[in-house]
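Order of writing sets the chain letters: A, B, C, D and E. Residues in each chain are counted from 1.
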Amino acid sequence: METVIGKYNYWIYIALMMIGFYAMIAKRNLVKKIVGMNIFQTAIILFFISTAYKKDATIPILIKSQEVIDPAKYINPLPHVLMLTAIVVMVSTFGVALAVIMMLYKQYKTLDEDEIIEILRKKK
Amino acid sequence: MKFFALIIVILTGAVLIYSTLDMPDWGDPNSPASLHVSPRYIEKTIEETATPNAVTSVLADYRGYDTLGETTVIFTAAVVCILLLRRFEDDKTL
Amino acid sequence: METSISIKPVLAIAVSAVSAFLIAITGEKLRNLRETWSILASIFKFLIVVSMLPDILCGKVIEYCLFRITSELILHFRIDALGLFFAMTASFLWIITSFYSIGYMRGLNEHKQTRYFVYFAITLSATMGVAFSANIFTAFVFYEIITIATYPLVAHKETEEAKKNARKYLAYLLSTSVAFQLTAIVLTYCLSGNLYFSKGGNLSNDISSSLLTITFLLYIAGITKAAIMPLHSWLPAAMVAPTPVSALLHAVAVVKTGVFMILRVVFYIFGVDLLKSLNLETVLAVVASFTIVAASVIALRQDNLKLRLAYSTVSQLSYIVLGAALLSPSALKGSIFHIIAHAFGKITLFFAAGAIYVTTYKTKISELDGIGKRMPLIMASFTIGALSMIGVPPFAGFISKWYLSVGAIESDKIFVLAILAISTILNACYFMPIVYVAFMKKSKDSKYNGINEAPIFVLIPTVLTAVLTLVVFLCPHPFIKLIILIVNQTFGG
Amino acid sequence: MNLSEHSSILIVVIPLIASFVNIFLNFLQRKLCYPFFVLVLGICVALSIDILCQVINFGVLRYRLGGWMAPWGIEYVIDHLNAYLIVIVSSMSFIVAIYSKDSVKKEISKAKLPYFYSTYLLLATGLFGITVTGDIFNLYVFLEIASLSAYALVAIGEKRSVLASFHYIIMGTIGACFYLLGVGYIYIITGSLNISDLTRLLPSLYESKVTLTALAFFIVGIGIKIALFPLHRWLPDSYTFAPSAVSAFASATVTKVGIYVLIRISFTLFEPKFLIEMTPLSNILIWWSTIAIFFGSLIAIGQKDFKRTLSYILIAEIGYMVFGINIGNKEGFIGAVLHILNDSLMIGCLFMIAGGVFYRIGSRNIEDFNGLNRNMPITMAAFTIAALSMIGIPPTAGFFSKWYLIVGAVKAGYLVSAVILIFSSLVNALIFFRILEKIYFTKNENTPMYNFRELPISMMIPIVITALAILIIGLYSGEIISSVIKFSLPKGF
Amino acid sequence: MIRLYDDLIIQTVCRIMIPLIQLFAFYVIAHGHYSPGGGFQGGCILGASFILMVIAYDINWMKRRFSEKKNTLLMAFGVLIYALVGVLCILLGAEYLNYGILNKIIPTDSVKVRALGTLIIEIGVGITVMAVMVSIFLNLTTFGKHEKGEV
């Protein structure tokens, strides 16, 4: 029971990751793959953020600079920073992937991988 | 194929979940992550960077170089979109 | 034995490489100049090699360290009597061959003559490289260069057949050398820590005998240029090349390189005692004897003249290997003498075959009826070569067979005598018919009667080599002197 | 203010700034884009050499970005391995940049060239960033910069390349995500991101499952990025259909940097003994890479398309390097690190040649290579050199790395893998001599397509430079090992 | 001219909203030191305002106010600011991105000047993010053919 209380957040995020991962490798529709990619990355981000949390602590913005600062009162800022980066990376990857998908759509007029491969085989 | 994928996914997930058992609990104030590097950011952010918002100070100052990289990433994305999609008027070939 | 540092070996190698470059830039336009280059190169090379003779004769060893690539892979030359002997044979015969090839190539006005001469020169430099190399790595480098450089010569005709055979040639030589020889070298390095040819063997006895056996067998399989059965069939395949190539490279330079490396491996990597203790020399002897007989038998059934000569080469090479495998001084004497004896004899035969082809475009033995009447000189020298191969006095072949038999008795392997006897008979069986039909039979086509000899450039070298086979028998002492030196250096007696 | 103490950061920042400035130049004076682009990469080469000299003279360089102490700020740590990699990456990117001038004109519309150059510079930036950084998360950021630009550069090739690029994106993102997960796991249990800090912290946590999982995820993630065999599906298509300059650049650098990351993670972040003794991972990786070598070579035989053949050969070569790293002895590691250099030269050269042939005859099919030596002799000479090096014929560079790999394999007792290594060089021999025969000994029937001259000078020079480099660097492998690689050996080797 | 999909209400609301949105965006960028926010967030809001223009009116209407060339240049310019600040630090003799050294040219103490440097690069980031969002949006929605105008 202890472990469940202590670790369930990780498990939820891992479950999310795996959903995204499955979509990435199993779905045949390109957009669904991309969506899976986003789910995966978002789950990773949540995972990181959850590592930053400390019980009854607040966001790391120091109100009065005079008081002696107790780190335990403020949550860990580092994962947030890393995840800002990761979010941007995710968005950029998403943009690039969308651009590629649009090029594909312009070429093959479909977004289903199997159909595209079929078309290519016909061309041969 | 789908079945194969499912196997892979389940295995990966199993490994990940199994190894979480050795992790510090959620919100544990004594987890290594909250004891090793980060305290300095919280304690010293004002006296070292005059920025009450620790996230900003870490983002732009302590780890400012990461942020340069991340800005570059998003810039890359834009350049890539132009390179791939944009069709200019003075463009004969595409 | 004291050593003297000298750059001569590098010069000997460089001279033909430079000439190859000059030939390449001279090109087809100024063919005379081009061929002058190759002749000059051959003469210079021979002179340089000979100039090293005095030092060697008074027991010195000439060394030159060209380049340390890594701590263990070093391009290093060391010339002892054996190396010099081989180098002299090859470089001397190159002079004759380069005259011959001029006559041959012009007589048939072949295409791409420049390429031909370039790669010929490169091959010769690489041969020198093997002869002079001080460690197995250097030898391997030049061995590979020979393989690559002879490939264009074999594929020279650029017909489908030529390409097929060239492919076979390359497949055999390259794959075996990369697969087996390289592995053997790696094993040698891992076992003994260095790659040098050292007197009395580089590998020591205290290593697991199974690994040593594997290494030895890998070497024997990897040095395919020695054409030991069953890895021999690249040599017949190589006969599509122009005859001078078959004559010099595939009767002397290339194949002798293989044999030479086997000698090196047997005496300078493993050493007599180690082989005796592992009792591997018997294996080698058996393989060699098998090759001798089998190749001769196959040769009987060949109708194409060059192919028959090729198979005879296969069997004759194994004489040398056999001599090495007997591990006795006089056997070694015999096998080394056979290097030169076979060289002169076989090159004569090939020259003759080429001459016949140039003048009459005949390649089949069945077409040679009465050829002797048309070109008596050529056929006369062919006969001399044949007799020398069979080992009839007064020709060079006899001496080597003599020593081999003595060696066989010394290291009481009596079955070797039997082998020698059988192979002598077989040699006679496949050479004499040619001579017979050439002189006795009437020529079928009556167009030609009366004498028309081969072009002068082709004729003279042929006769010359024929005469030399005789000379070598009559006054073998200079050679014997050198050979005794070799034997002493090898057996440390 | 002394710039050379900043050169470790400048090498990342200069191409970065250049890629922005390129956008401005596009609107100001489009003609200047290309010269500027090449100039910048030239400066990078100078800087990288400066870094290498500094490392050789003064040892490890540390650079604290923003002036913050190591675990809190980001720091650059440059030892011999980084410096070596930086020199390789910068010089290859410079060479290919010269090459791209003409080859890209045919494949990309004029208006987009500046954006192409920017993306190319960004890819270079990413690779430099990965190479110099000492912080695992910073590494991830630059990994993404490199990957994004690589996806785009692949996607602007011919029609099929878009789908290839999409697969690349999916696979690459999975790889990156796995890497990020690894970072997360490490961070949770240590709270640090700095490599040297982690090296200090991790040994106490080797028992924890989290460490092992993190390492596994690192390896799988990087394995995808470097296309280790079962994860290689994205590579052949991408490199086949990408613009020729891009495939040359990417194949020569991206995978190599991936290998570098693998070395860093497994031997610097963790101690060698963790990978080799405490876990079975290195053993798994050895067999994994052996399989990669085997199948990569095997699949390469069947290909008709030259660039595709090269891609599969590249997959096999990656297997070589991963194998060499994981053997866990000195020779293997030296061989692998040496092979990073040789392979980037060989593959780069061959891909550039493939691009050159495509530029002239508009086909990548091996069948169309017939008789190309008439039209482009110099290029084909370069091709021959690169091919020989691929096969591993001494004294070309390829031989020496292969030598060390095989010696390492034998010494560590992985004889099967040694056999596989030799098998793959035999396969290369088969592949390349099939092509060489077409080039040199086959007449081309369809002459109209072939009435053209050598490549334009801007494509010729890089090819020739790399070919010569293959020859020369081969001879100086010993130098490289003793002055650079020896110092990059992980402790305990 | 009025086109089918032109909607008076939306357009009027946007006319009023857009300036406020942009103002708020600047606030978010500038106030990143004291509250959640900063370059990325502000930049996104700023970009959103332009995207709103495109949605409410059309691309050309937006481009008349904010041309593509300007956008592309800003895209590079923002991150260039960031990189050049770092180079400036090197030129002033400190490590890359060590804003502390900037007090050689800006008269404050070396701690305050760090906040200032942070602000500068946040602005740079904001500019880039805004321009990038607009550029990606335009390219994706129009298959790279802006000139047609409609979304």
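Rule of thumb we're sticking to: a contact is a pair of C-beta atoms (placed from the backbone, for glycine too) under 8 Å apart; a residue touches a chain by one contact, two chains touch by 3 or more.
The shown structure was predicted, so the numbers you read here are calculated from the model rather than taken from an experiment.
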item	value
Central chain of the complex, centres being mean CA coordinates	D
Maximum centroid distance from chain B, chain identifier (CA atoms)	C
Farthest-lying chain, centroid of Cα atoms versus that of chain D	C
Whole-Å gap separating chain C and chain D, where each centre is the average of the chain's CA atoms	45
Whole-Å gap between the CA centroids of chain B and chain C	69
Interchain centroid distance [CA atoms averaged], chain B/chain D, Å	25
Chain A-chain D separation of Cα centroids, rounded to whole Å	28
Two or more partner chains touched - positions in chain B	16, 20-21, 23, 31, 33-34, 37-38, 41, 52-53, 55, 59, 61, 63-78, 80-82, 84-86
Multi-partner residues of chain E (at least 2 other chains)	34-36, 72, 75-76, 79, 83, 86, 96-97, 99, 136, 139-140, 143
Of all residues in chain D, the ones touching two or more other chains	16, 20, 23, 65-66, 137, 141, 144, 148, 151-152, 155, 181, 187-188, 193
Touching pairs among all chains present in the structure	A-B, A-D, A-E, B-D, B-E, C-D, D-E
List of chain C residues in touch with chain D within their complex	67-71, 73, 75, 137, 140-141, 144, 148, 152, 155, 158, 162-163, 166-167, 170, 174-175, 178-179, 182-183, 186-187, 189-190
Footprint of chain E on chain D - complex, ascending	1, 3, 6, 9-10, 13, 16-17, 20-21, 23-24, 27, 63-67
Interface residues, chain A side, partner chain D - complex	17, 21, 24-25, 30, 33, 37, 40-41, 44, 47-48, 51, 78-79, 82, 85-86, 89, 92-93, 96-97, 100-101, 103-104, 107, 116, 120
Complex contacts: residues of chain E adjacent to chain B	32-39, 72, 75-76, 78-79, 82-83, 86, 96-97, 99, 111-112, 114-115, 117-118, 121-122, 124-125, 128-129, 131-132, 135-136, 139-140, 143-147
Of all residues in chain D, those that touch chain B in their complex	16, 19-20, 23, 65-66, 68, 71-74, 109-112, 115-116, 118-119, 122, 125, 129, 137-138, 141-142, 144-145, 148-149, 151-152, 155-156, 181, 185, 187-193, 201, 208-210, 212-213, 216
